[in-house]
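Chain lettering (A, B, C, D, E, F, G and H) follows the sequence in which the chains are written, and residue indices restart at 1 in each chain.
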Amino acid sequence: MDRARRTGDAEVVYGEGKTPGQVIAILRTLHERHPDRAVLATRLSEDAMAQVATSLPDANVDAVARAATLGPFPEPRGSVAVVSAGTSDAPVAAEAALSIRVHGSAVELIEDVGVAGLHRLLAVKDRLEAANCLVVVAGMEGALPSVVGGLTGTPLVAVPTSVGYGASFGGLAALLAMLNSCAPGVTVVNIDNGYGAGVFAARVARAAR
Amino acid sequence: MDRARRTGDAEVVYGEGKTPGQVIAILRTLHERHPDRAVLATRLSEDAMAQVATSLPDANVDAVARAATLGPFPEPRGSVAVVSAGTSDAPVAAEAALSIRVHGSAVELIEDVGVAGLHRLLAVKDRLEAANCLVVVAGMEGALPSVVGGLTGTPLVAVPTSVGYGASFGGLAALLAMLNSCAPGVTVVNIDNGYGAGVFAARVARAAR
Amino acid sequence: MDRARRTGDAEVVYGEGKTPGQVIAILRTLHERHPDRAVLATRLSEDAMAQVATSLPDANVDAVARAATLGPFPEPRGSVAVVSAGTSDAPVAAEAALSIRVHGSAVELIEDVGVAGLHRLLAVKDRLEAANCLVVVAGMEGALPSVVGGLTGTPLVAVPTSVGYGASFGGLAALLAMLNSCAPGVTVVNIDNGYGAGVFAARVARAAR
Amino acid sequence: MDRARRTGDAEVVYGEGKTPGQVIAILRTLHERHPDRAVLATRLSEDAMAQVATSLPDANVDAVARAATLGPFPEPRGSVAVVSAGTSDAPVAAEAALSIRVHGSAVELIEDVGVAGLHRLLAVKDRLEAANCLVVVAGMEGALPSVVGGLTGTPLVAVPTSVGYGASFGGLAALLAMLNSCAPGVTVVNIDNGYGAGVFAARVARAAR
Amino acid sequence: MDRARRTGDAEVVYGEGKTPGQVIAILRTLHERHPDRAVLATRLSEDAMAQVATSLPDANVDAVARAATLGPFPEPRGSVAVVSAGTSDAPVAAEAALSIRVHGSAVELIEDVGVAGLHRLLAVKDRLEAANCLVVVAGMEGALPSVVGGLTGTPLVAVPTSVGYGASFGGLAALLAMLNSCAPGVTVVNIDNGYGAGVFAARVARAAR
Amino acid sequence: MDRARRTGDAEVVYGEGKTPGQVIAILRTLHERHPDRAVLATRLSEDAMAQVATSLPDANVDAVARAATLGPFPEPRGSVAVVSAGTSDAPVAAEAALSIRVHGSAVELIEDVGVAGLHRLLAVKDRLEAANCLVVVAGMEGALPSVVGGLTGTPLVAVPTSVGYGASFGGLAALLAMLNSCAPGVTVVNIDNGYGAGVFAARVARAAR
Amino acid sequence: MDRARRTGDAEVVYGEGKTPGQVIAILRTLHERHPDRAVLATRLSEDAMAQVATSLPDANVDAVARAATLGPFPEPRGSVAVVSAGTSDAPVAAEAALSIRVHGSAVELIEDVGVAGLHRLLAVKDRLEAANCLVVVAGMEGALPSVVGGLTGTPLVAVPTSVGYGASFGGLAALLAMLNSCAPGVTVVNIDNGYGAGVFAARVARAAR
Amino acid sequence: MDRARRTGDAEVVYGEGKTPGQVIAILRTLHERHPDRAVLATRLSEDAMAQVATSLPDANVDAVARAATLGPFPEPRGSVAVVSAGTSDAPVAAEAALSIRVHGSAVELIEDVGVAGLHRLLAVKDRLEAANCLVVVAGMEGALPSVVGGLTGTPLVAVPTSVGYGASFGGLAALLAMLNSCAPGVTVVNIDNGYGAGVFAARVARAAR
């Protein structure tokens, strides 16, 4: 927990592999230490989300993001646009969005803008340029960051998702595509890592003029 | 050579691993058997192209495609648009284009239309729809077929190229991206296989109404 | 849904990861908008197929293809032959066949013609040549498209399946084999992607003379 | 070249696969169009660097970065620290540094701070925190970004290099390590892509308060 | 069982794929043959641990290590420090620790010392140097062995764990990182192989001055 | 050299990485020890073949197989058919053929029988069945062993070759295809390992009735 | 079923993915057609084995091999030794052994002879040489075929198993080791393919003098 | 250079990618600082070895190891046996041996003991047990460490080499085999990393009783 204090980031519980009871206990402890700032729990099972909602009535459970927060969000500084194509990518986009709010920036969710429907993407160009940082979430062929990166010079973090089958190899196809983007200035995080993209983007947005 | 006669395709010499003398001898023999129809040699070295030009003055050497033909092109039936983004993909696009001509269709080359410059791509939408089949060539993240496939319902063959470095793994990133395209109806050939895409597209275009 | 209208293709619900209730609701909505043309739902669970049959009595559920349609099939134009070797590949072949019908072409299913029994394959050569396009489905070593592609010049889309074990790596062996086919003019789609192959083949067949 | 104007980035020539003559011609043309701002050429061969120095006496050739610029650098806004461990990673660090300058930020090079000598790294902690963005370059096991990311909350872009042998698989080991960093907020670019990391970091730094 | 006698190592049952009854029967047989020296069972299921505890009341079941021993530990000679970062790696660290005790050395567990919190690691430097051998356990990016290896010249065995997701590929990222460590003298065992690392380290420590 | 005597196989020099002088010296020594039986050198460079021809006038240099023998072939027992499709696979087929002769069986070379030309393959069915063992050599998609294995019950050793490009990954595609052959009773050796296939097939043929 | 008659092999049902009812029906049909020769069903689930035992009282169910036969075994000609190291590899060894019997040869099972206990292996050397063919089954590092192949010149088919964890990658490590065996004349089948190895070995043994 | 002093190891120059002049200059500088203890340069080109021999007459150049030392070896404490099979692995074994001497232990080279000739290996069993640590070097299938590890309880470091072709994938097959060794207590270093194995083994041997 030292690292979080040192960097100005929020305290976070990674829920994968933890029992609901462990998640609740850690959330409670962290909240007592940081009552004035939201703490975050990610990668929660259905069961953990249900028990958090029951045991911690003040917690906010985000069922799409499979995550929960406890305590007030910081006053937002700067804003991040989270861009995604389809409903399958929604959980990762929601995890990114919640992580951004918890780490101190405003969020604008821009969904349903895939590369196979360019006019919807072109219609949001101004909103892309208005943000201080972009988080672009995509599975399958992972082409969205390249197209968005060609439309704007805003710093862009790409998140490959494990959405796909066969030769998507659990998100590897999207990951490789994003690492090879022809649009300069695209950076990438691990498959399904909405949290990591959110932390990074919030840091950039908080510091922006 | 039986197969070519049986299928109506042209006779072809695959030049990789053959000496210039072998290429010339095979081209000459095939041309004598099929004097009324162009035969094709692909994957020629600099040296092979030079010697073909000297020894077979009637041959047409296409330096970009690293290929040569001998004999008259068939009367074109139908047309194929060959679409690519950049100068690095030009050799594969040229190999596809020449293969299409040799296999009996007209070709329209549409170059310099990458996903990071959408307006140029949108400007050629009518030409994409006018073709009977599309061959879309791309390296790096291989996103172009998905974007083109979202613009039109024309049958589309995607060709990944080995253009890229690092995590492109010799074209593997582009290949996987194309196999996972979110645009339905995209089919794929081997990395750098402009010839195969051209044969397929010409068959489709020749048979189109 | 814009893309489908733009391209002349059918509306489709990808059922993977959707609840039966979601599948039924989307099918109903799409059918109301397109009452004169079949809409398609693919990758349905056992449960989803059962609930679709109950809730939408007019729907046709194809248990082999794990898919359902709602509304009348278009009048077929052109025809596609779907070729496969064994019973294990039947689900992918059936998904391709249904997709072809929904996208406006006639289908001829040619099953039980593997490479280890050539006489059965040779016996159907005329039917292969009569089709406007071929969809060839194979798992394990993925050799069938090469053999079929050597018999005929009809445009051929190969579909690798995840049938196999050990070093088949979930269909990767068949995918690589098809990408490296020695028969020219073979194109490939993602592992188990019968739908994508069907859409492509129907586009080719509809446009054929 | 439209994209560069649109995004405020510099114009760039990717030298790989281009002849020295082509590099010189493009640099000259770009410089004529943008006389008041440096244009950049990367991935130059020994031969290309020598000919650029001869043919374009006003160009600055950076032999470590294997790159050249022509025209005045922009007035720097914000600053980026480029951190690396050893002499083997110097070319990628230098490419990043030059790209940052060309894209409008100041650069601080911090070399010789590997994970096997922590005291040197701890000694530069203040300089890491003073920067608006970090570019951390590492080959072999790619551990440096995790350690640096644990020391500071500054936005951090990690660049894996192809330095290593055997099971480094041309930089793949370092790339995977960086994508799996336990330090939150680490983003990654392609292997050896100092240019991409530099463009991204300069965008972040230019916009920082 | 000959090999164990020959090498002076303990007798061990690998529990994976064995029924609780088989594990109990083998443990009992081995214990009868070696009543004066602990025998070890690893990779036990929840069920196997419960039945061992019931059927063999003298056995010690280590729930974290998912292992059990029967019989007295040997008098320890030399000592091994087992170092790990987080709670997720605890099962592998515990399996290593128990294996070391069974194979005749003392163990010191040093947990919660990850690369993103260097001060905790620096605080234990003396304990690292006091050990005769180190076992360093890490998942995700696998950076800990490189950092520990830079702090001390004690022989170091690195154990990658399967902790992680996405591009960690079941521990492959950590394994590759460890094999490419810039700290000389780091050796590596298979993913999650706490047992193998423990056997090796105990052999080194037992023989040390 | 003990192993060869023990197994009844011939003595062999693996030429890769050896100087022509080393190859010649070893061949000479082996021949002196076994004057009544051919010894074999494989994987010879152009230079090594030339120097062997000069220095050992009694040696037979097989330029296609890149191999040489010294001493008389054993009287053949049984026969092996070596089957391949094209000229590109000829070196591996020739290495297999020579190895078979050296190891004591007769060889029948059946070339130019690829899967895209079934009638040529069907025409040699009797010769396939007459052999005691088959060695089937194929690159690219590696389909030939499956087709041959469906035609006959003769024991069949498949040899993948590195012939191909792009997604053939140096023969990996053919290797995987052969390991997944739907024809039962197909065994496989390493990529380009004509020698190993030949040794095995000769052992089978020598022992056959 | 034509292929089996043509090659002299037995009829076989591959049970994976088939319901117990389907397995029983096919076994019954095949047995009626071939009452004088055992037919084989492999890869049976627990449930399928139980139902076969109930519904087909004349069937022999081999619980270790997860297989069943119906009808009398052929009179054995020649013999095959099936060699393996440990209890984990027993199912694959048993599948091979049963397949050999069904395909007409005698079998000798030699178990518990791993590379870490050489004296047990050396003790069976005579039995290895007495067989007409060897099937060597091994998981993990797959070293056993190399050691056995160095002891004898008998034709040897290696079967990698999926036994292992972590970097065994489901049997890939053993497969690659066997393909790279330093002992000449080792051939390999797919991971866990005891059946394929058995068919091949029986063909060799039946034809041996 | 701090790390070396801290750990008691020798100073080392990694010669890959350095010019002969750079190697000589660093060797000279290190030697001046440590005149009483040998410094080591590894991975030297032919050219670098020649120039070192000329410029530093007191240096010892080891042509097999492609390495050089300058200054007196430390008095040896403990001993390490370096075991390998064939001449192809000799360079890696020699690099390990020289590294061991430079790092303060005695070395015993045991060559020509491959797994296909067990009697030679069994003949050296006593020498294996007499050593304080073993370094076992092997390419191809990498089976030697498993066999040696079954013979003795001495700590064993395995070094995979890049010797092999085709499916050895540059040493990957041997690396995976060693990581999956069935002999407990085998640790592994990177492909061809004789130096790293030597440093580790010398540390173990120096500290042994």
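One rule holds in what follows: contacts are C-beta pairs under 8 Å (C-beta built on N, C-alpha and C of every residue); 3 or more make two chains touch, one makes a residue touch a chain.
Predicted model, so just to flag it, every value in this text is computed and none were measured.
Minimum number of contact steps separating chain D from chain F: 2. Here F-G and D-H are compared, and the pair linked by more C-beta contacts is F-G. Centroid analysis (C-alpha atoms only) places B farthest from chain E.
The interface formed by F-H recurs in B-F: of the pairs listed in G-H, B-F or F-G, only this one shares over half of its residue-numbered contact pairs with it.
Between the two copies, chain B and chain F, the C-alpha superposition involves a rotation of 90 degrees in steps of 5. Centre-to-centre separation of chain C and chain G, using mean CA positions: 36 Å. Rounded to a whole number, the gap between the C-alpha centres of chain D and chain E is 41 angstrom. Centres computed as Cα averages put chain E at a distance of 47 Å from chain F. Contact with two or more other chains is made by residues 3, 116-117, 150, 166-168, 172, 175, 179-180, 183, 190 of chain D. Each chain pair that touches appears in this list: A-B, A-C, A-D, A-E, B-C, B-D, B-F, C-F, C-G, D-E, D-H, E-G, E-H, F-G, F-H, G-H. If you check the complex, the residues on chain B that touch chain F are 2-3, 16-17, 160, 162, 170-172, 175, 190-193.
Within the complex, the chain G residues that touch chain E are 88, 116-117, 119, 165-168. For chain D in complex with chain A, the touching residues are 3, 6-9, 12, 132-133, 150, 152-157, 175, 179-180, 183-190, 195-197, 199-200, 203-204, 207-209. Listed in rising order, the residues of chain A touching chain B in the complex are 85-86, 114-118, 122, 140-143, 146-147, 149-151, 164, 166-169, 172-174, 176-183.
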